[in-house]
Amino acid sequence: MVYLTRKAEFSASHYYHNPEFSAEENLRLFGKCNNANGHGHNYTLEVTVKGEVDPRSGFVVDLKQLKDIMHREVLDAMDHRFLNKEVPEFFSRIPTTENLAIAIWQRLETKLQRARLHRVRVYETPELFVDFYGED
Amino acid sequence: MVYLTRKAEFSASHYYHNPEFSAEENLRLFGKCNNANGHGHNYTLEVTVKGEVDPRSGFVVDLKQLKDIMHREVLDAMDHRFLNKEVPEFFSRIPTTENLAIAIWQRLETKLQRARLHRVRVYETPELFVDFYGED
Amino acid sequence: MVYLTRKAEFSASHYYHNPEFSAEENLRLFGKCNNANGHGHNYTLEVTVKGEVDPRSGFVVDLKQLKDIMHREVLDAMDHRFLNKEVPEFFSRIPTTENLAIAIWQRLETKLQRARLHRVRVYETPELFVDFYGED
Amino acid sequence: MVYLTRKAEFSASHYYHNPEFSAEENLRLFGKCNNANGHGHNYTLEVTVKGEVDPRSGFVVDLKQLKDIMHREVLDAMDHRFLNKEVPEFFSRIPTTENLAIAIWQRLETKLQRARLHRVRVYETPELFVDFYGED
Amino acid sequence: MVYLTRKAEFSASHYYHNPEFSAEENLRLFGKCNNANGHGHNYTLEVTVKGEVDPRSGFVVDLKQLKDIMHREVLDAMDHRFLNKEVPEFFSRIPTTENLAIAIWQRLETKLQRARLHRVRVYETPELFVDFYGED
Amino acid sequence: MVYLTRKAEFSASHYYHNPEFSAEENLRLFGKCNNANGHGHNYTLEVTVKGEVDPRSGFVVDLKQLKDIMHREVLDAMDHRFLNKEVPEFFSRIPTTENLAIAIWQRLETKLQRARLHRVRVYETPELFVDFYGED
């Protein structure tokens, strides 16, 4: 079993707000992230797949296919977007890094062919990242 | 003469649009950046000051003062903001990295005491940055 | 289960010496690190916590609380300090990166509230780091 | 149990080609990597070992020994080399990042003394890396 | 005057050899780089252009055009290539980082339209880079 | 004219103190850096030389010689040292990043042979660095 990880970057904006909370509670919990105009990040996405190495190609996954899937399922939908307004998963869920990692896992999980998805890591900034390995 | 550079990061969103252009022209020129919902970046700001080293402190500039000025003049105004809507310089100017570097220079230039401002560098992403050295 | 990691940096000095060893043995084993004047590093600390995502906040952990705990329990005690002389764990234990990761784990483990501590990673330099996941 | 990771870099060239495939199939599968003249990378190698911390030294592994083993077993053989032509593992196996990680594991596994090899990670570029944890 | 820099990466192989030198002299001067099989690097290219900011677009240069020129003039010719054998500038010149920076300058200088080329920086590794500002 | 830059890293400790100031003034000016036990950093040194490219070698400077000079003149003296106590320049001068860059310039300036020293850059942390270009 070998694990291969490919990175990609996308730029998006978001804000944090729970309509069930009062304005005060939203501000207390989310601080500057509660600004409804949104603010943004250069997100770094790391997708890790696992599988056996195909002895004929030396690959655990076709790198070009993996890149295409990441672009089609994630970057085309999220790059240069306001996550709360333009990405359906976040119409009613708060686009925290945690929820972003889960949403990206769900977009990718069934699309891979030879290898299986092992981990989705999302960096919101170089100082903060989230890992999701799927539900067991 | 010694040059000292301090980095800071802030997260903001923006979009590119010139109301004098047609929708088609805006889209052709600005591409994905023309999305009016905005998208965002983790901006990295590098501020370089120059001056003589004070023999008593060994400093060209008081680092704490420099940090305070950068926070008060730039980060407090721009971090977690939508630049087009919340930062006055960009109410009528397009918040490109070029214009952002110039605006930050203008905010900082007159605030430094011992040392003089030499350069403002702004990274929009790790792959793209702008330097401004002031007008001669 | 989601894993969230937050980074922080601190600068400290240390040296390696075992009083039960001869001077020759200390020098042979620890090399340049045996210099009793100490030398220093910009340590990078990565703290990983794990837990369920709270559906109301989208958070696995309150980021501000995590940051405060890291500062209060680790950075306030170790930043700009000589580890051997000023941090009690290292009065009689050698402040290697291994022992530093274990000491930081012990300082943090009982302080977290909603999420559980999963991993402490300490970079001594960009080329050398240690991971500790607690004792089972 | 503590995990210690040490990085090293080496520069090598390689190309991808399976003599059982037609020229068209090689080009379709391997794209630009099929160029027989070779192209190159600055590979980053991360070697992770695990073990108990020796209370007398504070080390899980003697860092100088680990560095020496990595140089003798891997870097001396692969740095500034054309992998397909000069490194025996790749005379008949394609030097993909996957196969490179496995080959490095096999070179290192039996050479460590106190600690055990846990993981070999190889970055081909900053955007692509492979992890191998050995066969179970 | 504003300076804008865009990065790109390419992977290539090369070796150093002067046919006018003896084998001993080549080896003494070029060391491991003299291996005729070649070895490789992930080169990072930084292209800096300078000019006035166009008030209508906020740009000193059309970023898409700059990217296209860098790909067409440099990356298409050098990425995944053996520089000595496949890039004409290096059929009779040694592909050192110095000569690579000069060759890239010459390829780009006349292709820019609004802005002027200011600097070409080439990183051979993260620890070694060359800057060229053109001939005066 | 071509500019070549080589990086190196060293780990050292230091503290800031001016014996002509009162304890209060030292603390106010230097903050945590005033701790007499010292604290440390992983310093990154960038040495830039300039010169014509030698057409026979393609080099502006012999890289191995440059590396040797940097090690002999700077790293052997400063790596794993307490700068205030073990490096003569800092017996009576405060080892700020500014003074460190000047001291390294003075150590290197007369040692280069073919190329001339252009700039010394010292990073104290990734967020703070100083450039010195010599006295005119």
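We just call them A, B, C, D, E and F in the order they show up, numbering each chain from 1.
Everything that follows uses one rule, which is that a residue touches a chain if its C-beta (ideal position, glycine included) is under 8 Å from a C-beta of that chain, and two chains touch if they have at least 3 such contacts.
Because the structure is a prediction, the values reported are computed rather than measured.
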| item | value |
| --- | --- |
| Touching chain B and also chain C, the following chains | A, F |
| Chain at maximum distance from chain C, centres defined as averaged CA atoms | E |
| Listed pair (A-C, A-B or C-F) duplicating the A-D contact set, over half by residue number | A-C |
| Of A-B and C-D, pair with higher C-beta contact tally | A-B |
| Centre-of-Cα separation between chain E and chain D, whole angstrom | 28 |
| Chain centre separation (chain C, chain E; CA means) in Å | 41 |
| Centroid spacing, where centroids are CA-atom means, of chain A and chain E in whole angstrom | 34 |
| Touching two or more other chains - residues of chain E | 126 |
| Contacting chain pairs - touch in the sense defined above | A-B, A-C, A-D, B-E, B-F, C-D, C-F, D-E, E-F |
| Chain A-touching residues of chain B, taken from the complex the two chains share | 9, 11-14, 32-33, 35, 37-42, 79-82, 85-86, 125-126 |
| Complex contact set, residues of chain C against chain D | 16, 18, 20-21, 29-31, 93-99, 101-102, 126-133 |
| List of chain B residues in touch with chain F within their complex | 1-8, 48, 53, 56-60, 62-64 |
